[in-house]
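Chain IDs A, B, C, D and E follow the sequence of writing; residue 1 opens each chain.
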Amino acid sequence: MKKEDLLHLKGVSVLYGGVKALDKVDVSLRRGEIVALMGPNGAGKSTVLKAAFGLAPLASGQVMLEGRPFTPVVHEMVRRGVVLVPQGRRVFTRLSIEENLEIGAYFLKDREETARRVEEALAFFPALKKKRKLKARALSGGEQQMLAIARGLVAGPRALLLDEPSLGLSPKIIKEVFAKIKEINESKGTSVMVVEHNLKSLLGIVDRAYVLDKGKVVAEETAEGLRTSGILERVFMGKLET
Amino acid sequence: MTKTDAILKTKGLTKRFDGVRAVDDLSISIAKGKVTSVIGPNGSGKTTLTNVLSGLAEIDGGCVVLHGTVTLKKIRPFDMPSYGMARTFQEVRLFEQMPVIDNVLVVLTERSVFGALFERHGAFHERQAEEALKKVGLWEKRGGLASGLSYGQRKLLEIARVLAVSAGRQMDIIIFDEPFAGLFPKMVKTVSSIIRELRDEGRTVILIEHNMDLIRELSDHVIVMDSGRFLAEGSPAEVLERRDVIEAYLGE
Amino acid sequence: MEILSQLILNGVMAGALYALMALGFNLIYGVTRFFNLAHGVLAAIGGYAFFTLSKMLGLNIYLSVATGVAIAGLAGYGFDRLVYSKLRKRKASNLVLLVASLGVFTTAQAALSIIFTSQFQTLSETAGQEALSVLGGVVTRTQVIIIFSSLASMLGLAALLNGTSFGKAVRAISDDEEVARMVGINTGRVTGYVFFIGSALAGLAGILVGFDTGIQPTMGMGLLLKGVIASIIGGVGNIYGGVLGAFLLGLVENLGIWMIPGEWKDAVSFLLLIVFLVFRPQGIIKR
Amino acid sequence: MKKTFKALFGVIALISLAAGCSKSGKEAGEANIIRIGSVGPLTSDLAYIGENMKAAVELASDEINSAGGIKGKKIEIIYEDGKCDPKEAANAANKLINIDKVTAIIGGLCSSETLAMAPLAEKSKVILLSAGSTNPGITNAGDYIFRNVPSDSFQGVYAAKYVRTKLNKQRVALLKCLSDWCLGVNDSFKAEFVRLGGEIVGEEAFPQDSRDLRGQLVKIKAANPELVYFVSYTEGTIVGLRQMRELGVKAPVFGADAWSDPKIWESVKGDGDGAMYLEPANKAYPEGFVDALSKKTGGKEINVYAPRAYDALKILASVMETAGTDTVLIKKGIYGVADYKGIADNYTFDANGDIKNADYSVREVRGGKAAGAK
Amino acid sequence: MDYILHLATLVIIYAILGLSLNLVVGYTGLLASGHAAFYGIGAYSTAILTTSLGVNFFASMAAGIAASAGAAFLIGAVLSRFDGDYYALVSLGFNVIIYSVFLNWHGLTRGPLGIPGVPRPALFGMDFSSGVFFLALAACFLALTFLAARFVARSSFGRVLKSIREDEKAIQVFGYNTVYFKLAIFVISAGMAAVAGSLVASYINFVDPSSFTVMESVFILAIIIFGGLSSLKGSVIGALVLVLLPEALRFAGFPQAIAAQMRHVVYGLFLVVLMLYRPQGLFGEFKL
C-alpha cells in the first residue's frame, strides 16, 4: 500500500446470492487522481464502488481509508469525505434543485456554510442555477445527472465515486459532464473514481484505469497505456483473457 | 432482406419514462427464422424494447406489426403466446418459492381458468418439462425451490421455461434478454447451442447481448440502438467494424 | 339552510379529527411505505395517557396534553424500534410489516383494556358548553379547539417538512431511501423520529376525541380506518392531500346522512374509498 | 392428509383426556358444593354492565354461603365471558355445563348470549336464568329458560303510554342504538305510541359503538319533535345528551331503563337536566345492599341489571332450598315462584318463564341527579 | 365430553374457513381481509331459509354457497384490480359494507336482533341434532372442503395461482390473464366459507351480525398465518391451536376480567413474533 492512497480496497470479495460479484479485488484511489474502472457488463465495476461505500457486504477483504481499515456504513461515508453519485440520475425528484443541493451537505449543521457551498455548486453548473427553485423532476436527464454530481460536490468530498455518469446522456452533455469532473478534480484536488462504459470520453481526463472482467481485476493501465495498448478495443470486443 | 420475410416490425415505436425517451421513434424489422441481435450501450433502450414488445410497458407512440399483417398499438402481456412470442427476462423473474419443475410446468397449462382447473394431462407436460430441464442441465435440481439455485442456474431455468413453452406450441419469436450475463463458460456453451437449435427449427430469435464474441458467433443480423434510437444494422462483421457503432460504445 | 350549514360544520369537525389521523399516518407511510395499523391504537394511548395524568393524577391540563402527546409519540417510536425497524432491516415485505403492525395493534389495545378496563371515559369537565353560532349552525369551544389544532398541526408539519433540514431529510427518504442514506442521512434514526411525530399526532387526535366525546380502548380501529381512507382519497404520502381527503370524507359522511340513514355511515366511507380507488387511485393530489 | 387428521384427532383426544381428568378431580371430594355458572360480557362494549352484574352475583353468593349455604351445601359461582357474542356464549355455556357440571347458569346479559345458550341449557336440563336479556324471542326459548327482567315490550308500552297520555306529547322522534335491546324497546314504544294516536316524526339509528351522533341529531332537530325517545346504553347516552345540548335540540328527552346508571348523570353534568327515563318500579334499594355492592365494585355505579342479577341468584337459592339440586324440581319450583320480594322487583313467573308483572316508575333528572318525576 | 365435541365442531368450522382463505392468501398471495363477510353470507342464508321458508339445511347450504360465490364474483371483479396493501384494505372495506348490510337490512336479517331458532339439519330421517352426529357431519364437510382445496391446489390452476403470487407480470407474459384466475379463486374461496357459515348457523342455532365483523376476518387470517400460508395442513392445525388456545386459557387461572383480553394479547404477540421469526408460519411454504 502506498502512502498517497486515499481509499484502498484490499482483497475484497463480494457475494451476491452465492455468486462472486467481486473476487479478491485490489483497487486503490490516490490523492488527487482520477481513476477509471472499465470492463464489460457484469464485470463488477459498480460493485467496487458499492463495496467501498457499504452498499455491498464484504465476504472477505478490507476497505482502508487513509491507511486505516474501517467498516463502511453508508450514511457515515459523507462525513468521512467519501461521496458516491449513484447510477441512473438518482436525484430527489420531488424536492427542488436547491433542496437537493442542501441535502448534499446534510451532515453540516452550519447553515451559512451550506448556503455558500450550494452557491458554489450552482456557479459550477450554470444550467442548474437558473432553475434552482424548480422541482428536480422537471429537469432533463442531463441536468439531473449534473444535479446528482453537484449534490455530491456540496458535501466537499475528498473522494468522489461516480457510477456511470454518462448513462443516457447525449454526447455533447457527456463532454460537458466530464469537463466538469476534470475541473473539480483540478480546482479542489478531489480524487475521483469513475465507472464508465463511455471509455473514449474518459481518455482525456483519467490518470489511471483498472480493467475488470468477471469480478476480477485483469489489468491496470496508466493514461498512456490506455491510449496505446488497445485495451479499450479488447474491452469492447469482449476479448479479455481471464 | 426483403420485406416479406419480416416476421416482426416496429414503426416509429416510442416509449417515454418521466420525459426520457427510452425508445424513440424506432423502426426496425426482424427477419423470420434468423437470430437477430439487438446491441447498444447501457441505457440505449434495448430492454425497454423487449418490455414494450411483451406488453409490460405500454406503447406511447408508433406500432408493432406482426407477420406483416397484424398491426398492434396496444399489447397486453397475456396475449404474447397468441402472437407466437415468448421471452426471458434480464433481471431473472422466476417463481422463487416454487419447485424448479413447477417453474416450467406452470407455463404449459391451459390458459383458461376452467381448463387449468380440470386439466389432467400431466404426463405429456412432464415430458416436455423434463426435456427442457435436461437440455439446460437442471433436471437433477427439479425438486428444489427455484430460490435455491445459483445465479447462473436461475438464468438457465428461465431459458428452460421458454424452451418448454415453445416446444409444444408454435412460438415463432423468442426474445432472449441478456441470457449470457453472469454465466460460466460451460453454461454459455449450453445456451448458445440452444439458440442455434431454435433457429435451426425455423424459429426467430431476438437476442439482446453485450458480449461481442457471442454476437459475432450467433447472430445472422445485428441491429444497433443508441439513446433509444436506431443507429445501424447489418451483418455482425460489418456492423461491429463501423466507426459510429464503436463510438456509440466507447464514446467519441 | 340551517340544517345544511350544521351538517357542513359537523363534517368539518369530523374532518378535522380524521385529518390529524391522516397526517400522522401519511407521514409514516411516506417514509416507510407500509400500512401501519398500529397507528390507531396510538390515539387511544394518547387519550389514556392524558386521562391518567389529568383526571387520575390531577396534573395541569396543558401539561397533561403535552405529556399525553409525548407518550403516544414515544409509544410509536418504541414500536418502530422493537418491531418495524428490525423487520425493515431484514427487508421484509410490506405485507409482513402490515401483519406485524396488526399484532402490535391487538396487543396494545388489549393491554389498554386490562389497565384501564373497557369503560368509556369522558375527558372534558365542562358541562353545557356555550355554543358559538356560525352561519346558522353551532360549534362548541372544544370543536373550535379541535379544528384549530388540526390546522395548526398541518401548518406546523408543513413548516417542519419544508423549513428544516430534518424535514428535508424526511422528504428525501420518502423520495428515495437509498440515496438519502448515500448523502449521509441516518435514515433509521430519522424514521424513528418520524414515528415519534406521526404517533404524537395520533395521540393528539385521541385526546381531542376524548374531549369531544370520550375514550375507550377500542376507539383506535375506527379512527385509523377513517385516517387511512382520508389519506388514500386525498393522495397517499402527501400531507396536504391527506388533510383534504379528511375533510372530504367528513363532509361526505355527514352530508350523506341527509340522504341515507345514519347507520350506514361506515359503509358510506368505505364506498367512497372504493370509488376513489377504482376511478382515481392516485387520490385528489398526486404525490 | 392422513397425518393432518391424525394430528387433529390426537389433539382432541388429548384435550378430552385433560378435561376428563380435571372434571373427575373436581367431583371427588366436593360433593358439598353446588356449582352455578354466570355468563355475561366481561370484555367488549358492554363489559361495564357485565362487571357490575358479576359483583352483584358475588355479593348474593357471599350472603348465601355465610348464612350456611343451601341445605348445608356451599355454592360456588364460575364466571365466564360471553362477550355479547353468541359463539362465545355457547363456548362458555358448553364449558360450564359439561366440564363444571353446573346446576344453573345466571345470564346472559345480551339476548344474543341467552339465545345461543338456551338450546344447550334446554338439552342438558340446566336452568338458565337471565337477569338482563329483554328480547321477546326469549319467551319461547325453552322450558328451562327463565328471566327475571321484563321483556322489552313492557317498558316500551309503558313509556309510550306515559309520553302520550301523561305528558301529552303528539309528535315524537326516535333515536336508538343498533342492538337487540335498543331495537326491542324502540319498536314496542313505536307500535304503542302510534296506536295511541301519536306521530313519529323522525327515526334515527346509530351503531352501538358510534360516538358521533351529530348527523342523526341534526335530522331530529330539523323534524322539530315535541319529545325525543332515546334508547341507548351508557356511552351512547352520554355523548348523545351532550351533543343534543350542543346542537340546541330543545325537545325534552325520554330514555329507557339503562339510564339508571348514575355514571351517565355524573358524566353529562348539567347537560342531562330535564331528561326523563323509566326505571323498574322498585323500592329504593336497601342501604346495606348499595354499600355492599359499592365495596365489591369499588365505584358508586349500580346499573339497572345488577340488582336483578342479585335477585336471580337469591330466587334460585330459595327454590333450591326446597327443591334441592334436581333441575327438574328446580324448574318446577321457579314456575311456582309468586310474589317473591326481591330488592329490584316483586317477581311472579308466568308459564313461559317470564315475569308477569312489570311496573315502572318515571325518573327525572334535575341538577345532575335523578329523582322521581312529579 | 359434550364440551370436547363442541370444541371439535368449532375447530372444524374454523378449519374450513382457514382452508378456504388459504387458497386466496397463501396460494395466490392476496391478503384478503374480509373473509367473515362470506362466512356471514353462508350463515345468514341458512338462518333465513331454514327459519322463515322451512328449507332443508342442505338446500340452504347450497343456496348460501351460491349467494356467497355471487357476492364474491361482484366484489372480486373490483378487488382484482388491486394487490398488496390496497387489496387488504379494499377487502376489509367490503367486509365493513357487508357487515353493515347484516346489521341494517332489518327486513331480511332482523338486524341486531339476530335470527334465533335455526334448526339442526336432518337428512333421510337422520337427525343431526345430537353433538356427535353434528360433529360427524361437520367433519364430512371439512373432509370435502379439504379434498376440494387440495384438488384446486394440486391442479394446474393451483400452480398458476402460486406463480401469480410469485410474479404476476412474469406469468402474464406466458399467456395467463391473471385477473380471471384471481377472480376464480376468490369465488371458490367464498363458496367454501359459506359452508362454514351454514354449519355455524345451524350449530349455534342463532345468527347475529356480531359474529361477522372485521375482527373475525382478522382471526381467520391469524389462523392461516399461524398455521402456515400455502399449507392446507397448516390451516387445520392453525384452527386447532387458535380455537383451543382461549379455551385452554379458561383453565389457566387468569383473573376473569383479564382472561379474554389476555387472549388478544396472546394473539397479537403471536403475530408479531411470527412475523419477526417465522413469517411463513408453522407449516408454511410461502413467506408473505
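As a convention for this text, contacts are C-beta pairs under 8 Å (C-beta built on N, C-alpha and C of every residue); 3 or more make two chains touch, one makes a residue touch a chain.
Computed from a predicted structure; not experimentally measured.
**Student:** Applying the touch definition from the top, give me the chains sitting in contact with each of chain A and chain C.
**Tutor:** Shared contacts of chain A and chain C: no chain.
**Student:** When C-D is set beside A-B, which has more C-beta pairs in contact?
**Tutor:** Spelling it out, more C-beta pairs touch across C-D than across the other pair.
**Student:** Of all the other chains, whose mean CA position lies farthest from chain D?
**Tutor:** Max centre-to-centre separation from chain D belongs to A.
**Student:** Just curious, how far off is chain E from chain C if you go by their C-alpha centres, in Å?
**Tutor:** 31
**Student:** Any idea how many Å lie between the Cα centroids of chain A and chain D?
**Tutor:** Their C-alpha centroids are separated by 75 Å.
**Student:** Averaging only over C-alpha atoms, locate the centres of chain B and chain E and give their separation in whole Å.
**Tutor:** Comparing mean C-alpha positions, chain E is 43 Å from chain B.
**Student:** If you average the Cα atoms of chain A and of chain E to get two centres, how far apart are those centres in Å?
**Tutor:** That pair's centroid distance is 55 Å.
**Student:** Which residues of chain A are in contact with two or more other chains?
**Tutor:** 93
**Student:** Could you check chain E for residues that touch two or more other chains and list them?
**Tutor:** Correct list: 103-104, 257, 261, 287.
**Student:** Quick one: which residues in chain C touch 2 or more of the other chains?
**Tutor:** 113, 117, 261, 263, 266
**Student:** Each pair of chains that touch: what are they?
**Tutor:** A-B, A-C, B-E, C-D, C-E, D-E
**Student:** State the interface residues of chain A toward chain C in the complex, per the touch definition above.
**Tutor:** 53, 55, 74-79, 83-84, 86, 90-95, 99, 102-104, 106-107, 109, 151, 155
**Student:** Note which residues of chain B are touching chain E in the complex, please.
**Tutor:** 54-56, 77-82, 86-87, 89, 93-98, 102-103, 105-107, 109-113, 116-119, 161, 165
**Student:** What part of chain C is in contact with chain D in the complex they form?
**Tutor:** Spelled out, the residues of chain C in touch with chain D are 2-3, 6-7, 10, 13-14, 113, 117-120, 122, 127-129, 131, 138, 140, 209, 213-214, 216, 218-219, 222, 253-254, 257-258, 261-263, 265-266.
**Student:** So in the complex, the part of chain C that touches chain E is made up of which residues?
**Tutor:** 34-35, 83, 86-87, 92-100, 102-111, 113-114, 117, 221, 225, 228, 232, 261, 263-264, 266-267, 270-271, 273-274, 277-278
**Student:** Which part of chain C faces chain A closely enough to touch in the complex?
**Tutor:** Counting only chain C, the residues touching chain A are 165, 168-169, 171-172, 174-176, 178-187, 287.
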